[in-house]
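Before I ask anything, let me first share the structure, which is written out below as structure tokens.
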């Protein structure tokens, strides 16, 4: 800038102007370098989740990704140093059963099969509660349609990066398709009604199978037609005047968005996340998965502890929630045999177990650490509890390549705490998403 | 840490202690002050101290450390008084288990966090009358409140300000079961006709007279009715049709109670009689189109000149929002009344001094006079111009609203 | 769950930390129990000869928790039968008559560490009935029932408004309550009336009034009525009480707060803290089945997270509740002479990672955690 001025106005620049210009240059270069500056966090204890904790280590962040993490990390010359020497650092927390960013009324359509509905269309980035959730270290949430729809629609994993552009919030769209069986309305649950749930879902999946076969056939016929058409046109333009039949165009195959989604489920491209509470419902869902071969995730799985072996045998992952019925409104029938040791029992039997808050509204996601601590109090190993709110949900939801642990190559989504994460006295000091500070306790007053 | 806090607070207290000797004074300077009680004051000053008007006039000396609100060439008038305001009450206004419920005090159901209070303040109302609902023949006691305070008690400036009695058809609604259904609940009862409403009123008054004459003292319901008959509590009678207005006037003569006519839609038909008997009228919102049904199915003939006609006949008229949250605001209602025949000065009085008198709080509010509450509006122009904005609302000497 | 054994005559519990609540934390101490009562609380780990010893040297011991307002054991189904709504005023109803000590939810609740509860009718009657204070276990009624009739429950909630019986409006609700209290005051003794007798003891004899009020206007109405009639009162819920905390503190009215986890906004989670800071005596409640008894400790823990002093939180689970309920002579702290109601816990009672390992009521082991 200074040079420009110099060239423009070949006037003698006095002392004052030089100082002003130098300051401007300094600021300019400072801001430029600041934006793309590497960040190094020196931490007393780094909880990577994927490996053993690292004492007095360093995390190096470059372009929003974790460049290095370990005890001896060579720092580049120009790095912004964050001193967390007496603090704990862990990956950003994930609430896999969140209602954040969606107004309650918008979570459910009717009791129907609507796999084409997409939760992303219900996201309101201007909802302010997310700040309180972020301040408790939650950097990503999975939001799904509610419990009323038999197949309610597609869920999405969102980051709490404060963007007002929904597309920039979405880490993964179509993470799962949400279904729910055996969920009562109020205090009653009709057995006949539940039977109807299963027959409806089965019907829909069978219809999707047929649809898939017909679509594949139509695709083949279309490919065949195109081949013949190309041949025909080639011959037409050639010298031979053979009487050739113009190939007939096959009937147009009418696609159906809902069926398309179900086909993706059948092809194991998207998992089916089924909310099931009672033993009978869980067993029925396991049988459905056997029958149709889709990738199953058990959601809530309230009585799962009673048939943990069955679930483990089939290697079906489970998202357990709520850890305590205090998180939900008036406990319904399906929570009758709720057991706070559910996650612990499932985990001990080898079931891949994640924890969600499954609270009464969006802001409830802030209780994810409390949920993990309560699960730990009821038998879940402390490390497993921390993993259940970071890496495990990331794996189950298919975003473990990006988040869930502090490993080289993953997004720099992390939380700095002033004490062990499960200790009630610990406070979140800073939260980072992709290397950007999105929450800093020091600047909150 | 704690000792630091204690020391700091001590240090901060010192200037505060010194300041106690002279309490805060606020001065408002304005191009035109409409006192309502007398002629407007040009380039006047109002001094406010402890929430009251300490002095008002021209050439008044402003104390040194007074905070000054300089309203330039703006117009200042008293805070408005709504003699039938949208109730800042939670839930149902009607206690419907029987028709005669004199002991129901709507002040016990006030909700200081009610959302209607915000709009009430923004439209310049600083004193309001809250009444029980109109579903009962004798509905209960209303109160005069201000839109301020954290708890109901802090809002009330006059408890038991009037007894609400309803002679319109509202008490008959819902008193019949649908056809072919057995009468199953307490809603199935008298009255279903006008005849029964009047009968219930007469019976109640009769019983009250008997009670007052006897030596008994322990029936709270009768106690209140007796007080009303004894002129201790005014009676707010809700009437719409002319026939009911006439009946009301007759009853007031017969039983000798202090009558206030509430809503009075067809008042224009009976204007001379009302004026002659010197019965004050609290008008409901009268912008319904002539012939429209408005809130009730009761047929009555709306006439937009109602306020004008009543005023010209010599009746005391207050303009109100008719206990509805969505009514047009009082200033607009006054302008509307002027458009339809009400003299300007009477229209302004009808939303300030007149309702204050009718409500029995004229010693505190309604005009800008020394000794009264400092409830003041600062307007961008003539109050009766629709394009005028309320710039500031001052309640008990504090600014509670500032236009953005 | 271990079935309650016959109470050993003498029992000693050694613990790494004893949270007495009233006399601080004793490290490596011993509690001596005899005939279901705490005979001694010793500051040395030595155990007298011949006593059965429960060695929890690496664990903490605290007093049995007290749930200051719940509806446990009162129902046949998941929804409790706690409201008799046909009549609006039923002060003669005693909730103890609906309590089933062998109910499933009572047995299940033993693992929560709660040993004493206040049972109350619901919020659907303006004058609902008489509360009771019971233990979750007792060999005899005498062991189990601390107060057959502890006070009268009043409700200023919207739930008490019905469309088919009086009152239908808030103003009507308050008129009704004043009417009943006035009638009780002026009632002449010549006509015996059980209902009026009960209310008379509330207005004249300081029989406690438990008043349900959540919003600011409900609490303000409660405070006015309490002042008007000179009631010995406790507020139940008082969710928005922080907004008029000074007024509540000035009238010295204790508060049995709603379950803290019913809230999720920071602003709401801090309310109980603000009230405690204003000097109001707070006890925690579960309102079971609204939230489970196990959430009682979680309520206190969450309050600590949002700023509540740890000591105050611990008191809110124990001695405060005992004092408010009028049973502090028997429960609420670990002191000589009180009932041996104890909870052995794996760590600091106010850490969410701590587990209840064992629960003792009247010297009987009523719960022992099974390893998974």
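The chains carry the letters A, B and C, assigned in the order they are written, with residues numbered from 1 in each.
Definition applied: a residue touches a chain if its C-beta (ideal position, glycine included) is under 8 Å from a C-beta of that chain, and two chains touch if they have at least 3 such contacts.
As the structure is a prediction and not an experimental result, all values here were calculated from the model.
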| item | value |
| --- | --- |
| Central chain (distance from its CA mean to the mean of all protein CA atoms) | C |
| Furthest chain, CA centroid comparison against chain C | B |
| Computed distance of Cα centres, chain B from chain A, in Å | 56 |
| Centre-to-centre distance between chain C and chain A (centres being mean Cα positions), rounded to whole Å | 41 |
| Between chain C and chain B, distance of the C-alpha-averaged centres to the nearest whole Å | 45 |
| Set of chain C residues in contact with two or more other chains | none |
| Residues of chain C touching chain A in the complex | 77-79, 259, 261-262, 264-266, 289-292, 294-295, 298-299, 301-302, 304-305, 346, 350-355, 371-372 |
| Chain B - residues contacting chain C, complex | 89-98, 101, 103-113, 132-133, 140, 150-153, 185-186, 218, 220 |
| Chain B partner contacts - residues on chain C that touch it in the complex | 158, 161, 164-172, 174-175, 178-179, 182, 186, 215-217, 220-221, 223-224, 243-244, 247 |
| Interfacial residue positions of chain A with respect to chain C in the complex | 129, 132, 135, 187, 324-327, 330-333, 336, 338, 340-341, 344-345, 348, 359-364, 366-367, 370, 373-374, 376-379, 382, 422-425 |
